[in-house]
């Protein structure tokens, strides 16, 4: 454990953690656009600059490990003035079209612009020329809104192990791009979308389906493989419009292409909406009453004629524990057979 | 075989550009010709040597006989025959080609400590270096000194990093030595990126073995088994000489396994830079050696703690390392005898710009700028007025003519708003526009910014935009203050040294030359007549002889006129390249000021 | 192409180089970095092509398009700058009809590039034409050199 | 999994065998990559160059179906070099006897190399690396189990872990990764013909009596049929009715033609699903159920973690919650089920199976719990077999290598492996209805090694007819070095070119009744 002073408050934290992490744990807010505790510190946005006694320049809280006896000032007039300039510089190279931006209301940059009351900008000048069009089916890359925080690059490289994108060029012309600036061609896990602090990376399926303030979030579990990833379904007008995941779960907020983008089957027009009974080789819509009676009568007849073991049941690995429990109970208690299985082997 | 007569021919990049190779082969041919060969050749040896410093006079040739030395300047191949016949064979130096008085004043106030062997021996011959005491220090260090002894000796010498920041070398080594771990690295930073600097190039070209020996001693002191020289690919000759020297050092057992039977293993690899100024920054340099984009990372951890491949790594500049063998050989006392209280030893500078004697110089710290410019440098070219001296390249600042008594040391230059830096020293005269100079450096840092951090990536662009509008007649009141505010923010918040120092040229020019900024913004004129928006080229009919010389050189076809009749420059087509101005022998082409555009918001 | 790349790859594997040294070898071999070469090498080394592309666009030594036959490099170091390198460059681009942001002529005969500093400041301004260093350059002399090259090229074309 | 997902990153060696983790369990793969970043070494054994190979320190490309030879070869090295954990074997295991050791003798690295086609140096290196680690985890999936000798493969893996003591502790273990979101739960809940919920055997009278008392009904003593037995029974006519909830055996089961034929013979086929699947089309009655987003309940993932599922949207039309459908049917079959809310069902599960007794929806709210969790204050179980095995001691099983039943021959010269790919899921009924996924992965394909493709003059992108003794399909050729020479791979997600037309429903594992999807003999022709 290390003892240090943060804004005149003595704080004890485990060794090796950064000033930013220590501040978070103590409930002290330090702005940042490039930090994510799941990624390696980057130190690029410079918004988390703080004053450390004995160091003439400001240092970034995200890259500075706490040291015994350190005295840190997280905010004062000078620090805030410099942070404000940084936000101002970002905005001087940004479309600032918040009124039509998909990310509005959920955008870290917009929040900071509001916080620093940036109504005018001293630095309007040339904007960096970046590609907007990308024909891939999943991810909208509006690179004009990219602030080069590099979170997507780190997530893609370090977390996902793919490296589909990287920083290219340098200085003011630097941008993040797939090789040779072609369309994105990757695993489409969308990790990049999930970490992007601005509207530069968005899910194409979600565009225009409702901004964050209009959706209701429901936490649940992914319906695909056996990892058991936690999903947060974003629901608007009885439709799932977006899927995210919280970082404090077993999947640490990371999802795969199916989990993140494979949700629109829920609202598919192909969904079965009524019971169907086949008559003369064709399905006809039926009421539940008719259907239940039909099934129960037929099952009962077979059971009494051929015995319960002439009936089998296949349950589903995609149904819940409760449903599976009921299903086997139905087969065993109501039908009277152990002919019950599911698709574990396939 | 050394002969009785030694001929040293300057063959640094400067020497070669001036025709050094041709001079060399002219000497060889002349010596081989029948009548000379019989009498002289067997006593005579011609050597190529590294930079002599006074590159402006290249090709320089030394003829040394019986300890006496005659130096010839501006030698061309067709002059060689006469030198060989009259001087070598006849014993009579060719008086009119010998160097003049200013050659001696150029050297008068210099102290050649680290450059002692540079230009005096063949850099491609390890025996030449060994013959002058080379590798003695390494041998002594490896056989009879403990690593801590070396570090102590360096600390006593007061040697500070010559790359710019001036961090005490002994301390740096001690930090790396004290880090736990078996694998450590030493890196020689030869990525001399500052425009207007060629100290490191000259050293590597002129005395590569001193750098290797310095690295060997350093490796032993910190416990490194592997070293790298990260060198600019733009320096092909330096790379070539370094590679030769490494091969020779390996052959002679100063590199490789079990060096000089001491059981110590160390070897050096050359890594070529690929053209990125920011790779001079330690962490970016490491990223580059690891095969990544040269983007710096935050410190701490410092490279001495976590450097190359995550291992403790010492990164020293070429000049720093080249000093080490001399300190170890001659003692810390000898070294500390030069310089000031806090800045010990000597420093190599590249003296260039509007100076009469431009070249590579080595001076003790504490010498004044005036002594360098007027005594060593011989004053300003064309007897124009000195305006300022720019030191430290894009990270440095401009020191005005009024502060020429400033002592050249780390602290004094810093308090004058500049830095020692790696040693670039560019002299500016009254025809230089200080706003343009600031803009030049921002153009440089903007395009060399790696783009990782916002203040540097966007901030330098915005500084440049403001400077550009000032120099193009669109400056606004308040621009100077805006430049100052933004500069401070960039300095305080940037990730690495590049961004932290990028605004220095702006701040120092505002500090000393605010009147020039005001002239651009308020009066809409460029006092030095440099900024294109404020000048126009015209032909004065009464002076024009109609010789067509300007018509021929004009790349944009902006000059019209017939032979023997006065010419005229079409202003809309003129790109203001100045070719006509430079070409006209009759001073008929004149540069005049025009008013800038009316400022609108 | 594959054979040449194979050689580069072997050299890299034997000399424990890095991604940058591979790109330097490719640039030396082909005069630029062909996209196919990068795809090939990235596939062989299982290094994402994005990484190669990121590096190739970071360092100014690398080029993604073929270069001109003749390469004219103007030093823009401080010493050269104060001695008028900017004027040399504008006369060059004007003579060769290069647009802004363009460095190679349409017929790929000439490439004009700037270099930060060649470290030959004592003989500023410096221009390198096809690897030969020319010191104390003037636009007059430079135009003559360029025109000579142009003439040589057009003669070759005729022949 | 004996261990937990979070522990993966603390492994110092990961042995991934028969698992295309990066595509089939992408998020588990991320933990493996994280382990690698933290310094772990990764061994991948797979006949295909699966994406995980990029992260592997050692990649063993063995022939499909030769896992036992490979594992025995590794154990041979471990025995010979004395790398096994004597103390652990003595105190925690049984069956480490003469027979076991003798059997391993013939699996010298040379012999193992001969059988597997992998270089012996790699087998030795992998053995040393795995045995040399204190925190070595084994991860496997269907590449191990979907063989006629799948059970023996699993025994072999257990042997390896027991031999090196990598079981019953943190960041080690034997970890089968489950392919479907609640396949663990389905098994836990007793949707298997020989076990009641909680792995309680039907055949044991005392257990049966316990359930009879709880459910207040007389239960059958006879163990039931597995899914792979029910289909032939239907074909034979002994099975008359089948009730399928959320399954699509026409596409997922081996030998489609045979499956369809069998299902058509049924007197009554009831299919409960959310889409009109290929199986539902054959049904007499189709019951519209609910998707995961429309119901409450719990799923149990690979690491035995029971987590809450919550309702986000309403079901379309008059589609009903699956549990309600069962309750209603049961009532009409004369067996009343009374659960006013799903939570009641979960409570009953806790009563019948002690491992879940300590769980409640409230406790599961914060990230779920891993079973066993017997009491309300139990924190859940991060890894199994701490301090001992349920049966007393871990048992070594002598396993001999047996060649796969269907070997390539002149007529069918290629080995076909079927499996999953990243973008699609199972029979595609969900993912293929997601537009962007369908855009990126629109059709079935066969992966062919370039040399094989060259010999058959097959070009990438062209159509290829793939035939087996069961039937043939026509798919797009993807020429890639992913499969080894002589091997082809086809994903099974695509109904219009169903890979299961080619697979065999008769070569089942005798114990687990699992089909041999990883080895079928096929022939390729230009189409």
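Letters A, B, C and D name the chains as they come in the text, with residue numbers starting at 1 for each one.
We adopt the following convention: a contact is a pair of C-beta atoms (placed from the backbone, for glycine too) under 8 Å apart; a residue touches a chain by one contact, two chains touch by 3 or more.
Note that the structure is a prediction, hence the values are computed from the model and not measured.
Note on connectivity: the fewest steps through touching chains from chain C to chain D is 2. Chain centroids computed from C-alpha atoms place A closest to the centre of all protein C-alpha atoms shown. Chain pairs A-D and A-B differ in how many C-beta pairs they share in contact, with the greater number at A-D. Centroid to centroid, with C-alpha atoms defining each point, chain A and chain D lie 28 Å apart. If you average the Cα atoms of chain B and of chain D, the two centres end up 67 Å apart. Taking each chain's centre as the mean of its C-alpha atoms, chain A lies 52 Å from chain B.
For the pair chain A and chain C, the distance between mean C-alpha positions equals 44 Å. Annotation for chain A: residues 166-167, 169-170 touch two or more other chains. Multi-chain contact residues of chain C (touching two or more other chains) are listed as 54, 58.
Multi-chain contact residues, meaning those touching two or more other chains, occur in chain D at positions 54. Every pair of chains meeting the contact definition is listed here: A-B, A-C, A-D, B-C. Per the touch definition, chain C reaches chain B in the complex via residues 17-21, 23-24, 54-55, 58-62, 76-84, 87-88, 90-92, 94-95, 115-124, 126, 133-135, 138-140, 143. By the touch criterion given at the top, residues 276, 278, 293, 295, 297-298, 300, 446-455, 457-462, 465, 482, 485-486, 489, 491-495, 500 of chain B touch chain A in their complex. Interface residues of chain A facing chain C in the complex, by the touch rule stated above, are 157, 162-170, 177-180. The touching residues of chain B, counted against chain C in their complex, run 13-14, 16-18, 55-56, 58, 192-198, 201-202, 233-235, 271-277, 288-295, 350, 352-354, 358-360, 390, 393, 424, 426, 428, 432, 437, 440-441, 444, 448, 450, 552-553, 555-556, 575-579, 582-583.
Residue ranges on chain A touching chain B, taken from their complex, read 41-46, 49, 57-60, 63-65, 81-82, 85-86, 89-90, 92-93, 122-123, 125-126, 147-148, 150, 166-167, 169-174.
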